[in-house]
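Alright, structures below, take your time with them.
Across the two complexes that follow, chain A remains constant while its partner is chain B and subsequently chain C.
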Partner chain A sequence: MNFLGVVFDGIAYGSLLFLISVGLSITLGLMNVVNLAHGAFAMFGGYCSVWLTAAWGLPFLWTLPLVCLAGAAVGALAERLLYQRLYRASHLDQVLFSIGLTFMAVAVATYFWGPTQQRVELPAFLRGQARVLGLDLGVYRSFLVGLVVLISVALTGLIEHTRFGAQLRAAVDNQQVSAGLGIPVQRVFCLAFALGSALAALGGALGIELLGLEPSFALEYLVYFLLVVSVGGAGSVRGTAFAALALGLCDVAGKYYVPELGAFVIYALMIVLLMLFPAGLRGRRA
Partner chain B sequence: MTAIKLWWSVFSWGGAGKPRLCSRGAGLGLGLLFAGLLGACESKKAEPAAGAAPSSEPAAAAVVAPIKIGLIAPFSGPFAGAGKQIEGGVRAYLDVHGSKVSGREIELLVKDVTGVAPDVAKSLAQGLIVRDNVDFLAGFVLTPNALAVAPLATEAKKPMVIMNAATSVITTKSPYVVRVSFTLPQVSAPLATWAAKNGIKSVYTLVSDYAPGADAEGQFKKTFEAAGGKVVDSVRVPVQNPDFAPYIQRIKDAKPEAVFIFVPAGAQGTAFLKAFQERGLAKQGIQVIATGDVTEDQELGAMGDAALGVVTTHHYSAAHDSPENTAFKQAFAKVTGGKVRPNFMAVGGYDGMAAIARVVEKLGGKLDGDRAMAAFKGLELDSPRGHIRIDPETRDVVQTVYVRKVEQRPDGLYNVEFDHFDEQKDPGKPPPSP
Partner chain C sequence: MKLELRNARDLWFWLLPIAGFFAFPDYLVLGSQMLIAGLFALSLDLCLGYAGIISLGHASFFGIGAYTAGLLALHGWHEPLSALCAASLAAALVGLATSLLVVDRQGLTRLMVTLGVGFLLHEVANRASSITGGTDGLSSLELDPVLGLFRFEMSGRTAYVYAGSVGFLAFWFVRRLVRSPFGLALQGVRENAGRMPALGVPVRRRLMAAYTLAAALAGIAGATSAQATGFVGLDSLGFERSASVLIMLVLGGTGRLSGGFVGSAVFLCLQHLLSEHSPAFWQFWLGALVVALTFFARGGLLGGADLALLALRRWRLLPARSAGAGP
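Entry: the complex of A and B
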């Protein structure tokens, strides 16, 4: 395969990493909650999509907005009932709580859907490969790349150029002063958490086709979420995108050119990047 | 991945070892006790519960101690499905044949080992041996757990019936181990022979980078090259590999006639086959061959069109056409609620239970470890998979290995058998020590 093919596959894989991790970049990065249950929210999105297609006969693409809404609703609920109690708790408490929540989610998913994997039916126009300029490009992969561009532009705009974004950044930096200035801190946090959960759910649904969906999903890909967010730098959408693309490219290139070492490339790169940029590529708290 | 596995075992430790004395088994036992008592007072009114046990001697049966079987398998965590299959198989046997053998009731003590957790397996087995004084240890889905328990079986002289774990070496670890399932080399060697015989000359191998993957790769290579074939390249991939694209592309570039894969069934197998389909390797004339775990019956339904045409070798397919298999599938559906299709693990459970019942019968209900092991040796069974026997030398299973192709049937995808290799022993056994 020529070099360009590797680059495309790398970008596509990086896009997938971005989609499943960007929600965590918001909850962990912006809100400073170590939310190891991110995978559970992603898995919830995946199962929602499967359920909507199976029980309601909705086409896969139509389930995506509904999955986002459901993810946001569950996220907001979880924030109000559970996570808000942990904002001032130590990181260890947050870790223990959220990993516990993850195990519960795994058990619940097994109870309702059984331990076997689930699948979704892609529409015909998203399947197979298309030939563009002499390159065979996976159609679904291209679709993911496009979505990533859309989502990262929209998110960056939201966080950096809107009133809500400003309020959120202020509230994260100093809750008391923000509250004193009249920012509805609680509501802002709740909305931000809902946003992160919605993105997690969306990533989970979009990932089914490539990663599959089983109850252990919530744990299996946790390493990748954390890897992307820690390399990207807490709370930066652009950093997350850079990190996901860099890791995706190197992973695919490594696996293609040196398959004996392929699996380690992504971790080696993480070590190097974190040594060079301890706060992540675009870390705010350097 | 290791980190996650480690977490698993650390975090799921607390819940381990809770006795799951199955309500059904216990209920049945109690029911029979009552039936027996009633039968004694009121002559004919008492029918045995669920018609399960033909009670020829109702009053006496109630006082005879039950035969206790300790079933160790994962019922939670990532391998929960395997445990449920095995338990379903065991219960299917009891449902068909009744839960009483030689006048003694069979009592199952079901224990959740939670996953790859040798320490948990060991302490569960200890409890079953010392506290519950079981007559048989059974189950064992995962090799590390089986290896941890084998020394205890030797020490306590308890027969240990392996219903799934498929690494060759397990049966050599204790003279009290007997295996009714299969071994990985046992099913990968015939695949290599079949491929060589059917005009496939060059094969690319892709396996998950863990012990069973290495076993499968090694045996396939050995047999295939001995038969004159050529393995053009071999690659090992992470056990939880998120994207197969780069590997598939390498295979596409290498242009082999077939690709041999061994990856965990479920998400990994499906992801590989989807990527394989997406890149049009099948159209290029590359055939996917694999051991039957990859397209096992429970997961096959969710694998979709991408699995069509995959050729595998294995000892059991739900599509196997025999009266034994039909009866087995009905019983399995009855005891599990019919939501999942039985796979080879369920058959392992069913046959393991059958073997135990036969041994108890042979001994007339009077059990001890050494006599039971003598009875296991050379035992023959008409299993849902076909005829099987236990090799007296190795205590390992000898059976027919089928060559199958994934086909669409009206009620879903099935592994349809089209060729077979009879009397396959485990080729992976190390030579007997002098």
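Entry: the complex of A and C
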């Protein structure tokens, strides 16, 4: 693998991180909820996809829309039943609650699927390598990057050019004034949470091939998602995208060029970035 | 105020571990783990319950202490008490260094820094396997008898009494500390950090001192654990340990010192009973317990007990307590 190959893998990895983390960024920026269970939502998507292919015999790609819907439904339900009680709670309560929820999710996943790695069958046209401009690129990784670019464009459109997006931005800026102007803040919260969960679930399903899927997924990758959000700045989609790409590149490059350091590079980078930019690269709050 | 300072009611609960020593001679190993976990939770209580710093990486200091004690024992230093001091010193140094990063930050950033330091140290221990043994950890540590008299043996008698004594001394120290002007200043900072400078309290220095002391105590807990079990594993630095100590503390009740010991005893007891069925089963009910705690029992078990006592007094089922002698 040459330098460009590492860059490409880093971009693919980063776009996956972005897909999963952007929901967390919205919930943190919008509702100020430290949701450590976000990794569990992504894991839910992964297992959903595995279950649909195994039990219903659906091809992997067809499970993706269903996974999105299931993620949105579970997200909306969790928001209405559980998370909305925590908006005014302390960070400690939110942390504990979401750790508890994660433990439950990990236990349920272990109970149904066991502690082993899960696999999905990719369709034939997404397997293997393609030669582009003298560079061997993984087809699935290219597909992933393309899909995430499409989703980001759609997401940016949604947030910047629709009524819902305007309401969302207003609610992030100032909840009370938005509510005073007649924006249904509760409903916006619920929809945003559902959207974030749907994207996380989709990311979890798409990530089976890259990140793997086992019950410890929820905790193992959680730190990466939190990292992306805190470095990118909670509530900022562009900041999240930038941080996800940067961290994806650094992680892949670090593991490729200095494998003996392992994940050390990424944690050290995170602490340095948090020291330099306490509110995130594009954060709105100090 | 004076009445409260002399009030020794909270020392009574130390009769329970003494009673436990005679009542459950077959469970002393589990008992010593409860005491060690209680000591660890006590250190977090100083940090969280009094100084108001939420840490998701408190296991860092437990692990530093454990590895220091383990490495000393492995490289020919077999005396346990001096190793305990060395471990506490090492943890305090790391605590002081990281406190610089932690106290200046707020909210999510602060949480992430503690989390990041925890993951960083875990990865360092994982990678530096020539020193730390990597995933195998450090095992078959050899220790001299405590005070030259009591050898660590299989039944856990020495470990129990050792952990209990260390735990009691730490408890007594922290109890004195939180009732001193330093401790009162910490509680003031926890309640309103913005106003404390007006009272002449150097907020940053107080928080750094509290964080460092909490780290030192956590290091002692880790070292005690290494000496009592004769083993140090990578899990002593892991996120799961940071999360479980937080849960133990909140389960017992924060900001009341004895909460950590009560919480860890109940936690490990439940773990012992429920994980016999299967580890996943235990994990599920642990999660459910934590979720229920955040929704229904903010004060933890001791907070709930206080409310129950209050209710009983209100209904005149118990005699009213004299004024001014609150916990």
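The working rule: the second predicted complex is superposed on the first by the 279 of 286 C-alpha atoms of A that agree within 3 Å, B and C clash if a C-alpha of one lies under 4 Å from a C-alpha of the other, contacts with A are read in each partner's own complex, and residues count from 1 in each chain.
Definition applied: a contact is a pair of C-beta atoms (placed from the backbone, for glycine too) under 8 Å apart; a residue touches a chain by one contact, two chains touch by 3 or more.
Given the structure is predicted, the values throughout are model-derived calculations rather than measurements.
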item: Clash or fit, chain B versus chain C on superposed chain A; value: clash
item: Touching partner for A:Gly128 - first (chain B), second (chain C), both, neither; value: first
item: First, second, both or neither for A:Tyr13, with chain B first and chain C second; value: first
item: First (chain B), second (chain C), both or neither touched by A:Arg119; value: first
item: Partner chain(s) touched by A:Leu219 [first = chain B, second = chain C, both, neither]; value: both
item: Partner chain in contact with A:Gly157 - chain B first, chain C second, else both or neither; value: neither
item: First, second, both or neither for A:Val34, with chain B first and chain C second; value: second
item: Chain B versus chain C as contact partner of A:Pro65, first or second or both or neither; value: neither
item: Contacts of A:Phe103 with chain B and chain C, given as first, second, both or neither; value: both
item: Touched partner set for A:Gly262, first chain B, second chain C, both or neither; value: both
item: Clashing chain C stretch [against chain B; choices 37-45, 109-117, 181-189 or 235-243]; value: 235-243
item: Doubly contacted chain A residues - partners chain C and chain B; value: 99, 103, 106-107, 110, 219, 223, 260, 262-263
item: Contact set on chain B toward chain A in their complex; value: 1, 3-4, 7-8, 11-12, 76-81, 84, 209, 235-238, 240-243, 245-247, 249-250, 252-253, 266-268, 270-271, 274, 278-280, 298-299, 301-304, 339-340
item: Complex contact set, residues of chain A against chain C; value: 28, 34, 82, 85-86, 89, 91-93, 95-97, 99-108, 110-111, 219, 223, 226-227, 230, 234, 260-264, 267-268, 270-271, 274-275, 278-279, 286
item: Parts of chain A lying in touch with chain B, wherever the complex brings them together; value: 1, 5-6, 9, 12-13, 16, 99, 103, 106-107, 110, 114-119, 121, 127-129, 136, 138, 140-141, 209-217, 219-224, 251-253, 255-256, 259-260, 262-263
item: In the complex with chain A, residue positions of chain C that touch it; value: 48, 54, 56, 101, 104-109, 111-113, 115-117, 119-120, 123-124, 126-127, 239-240, 243, 246-247, 250, 279-281, 283-284, 286-291, 293-295, 298
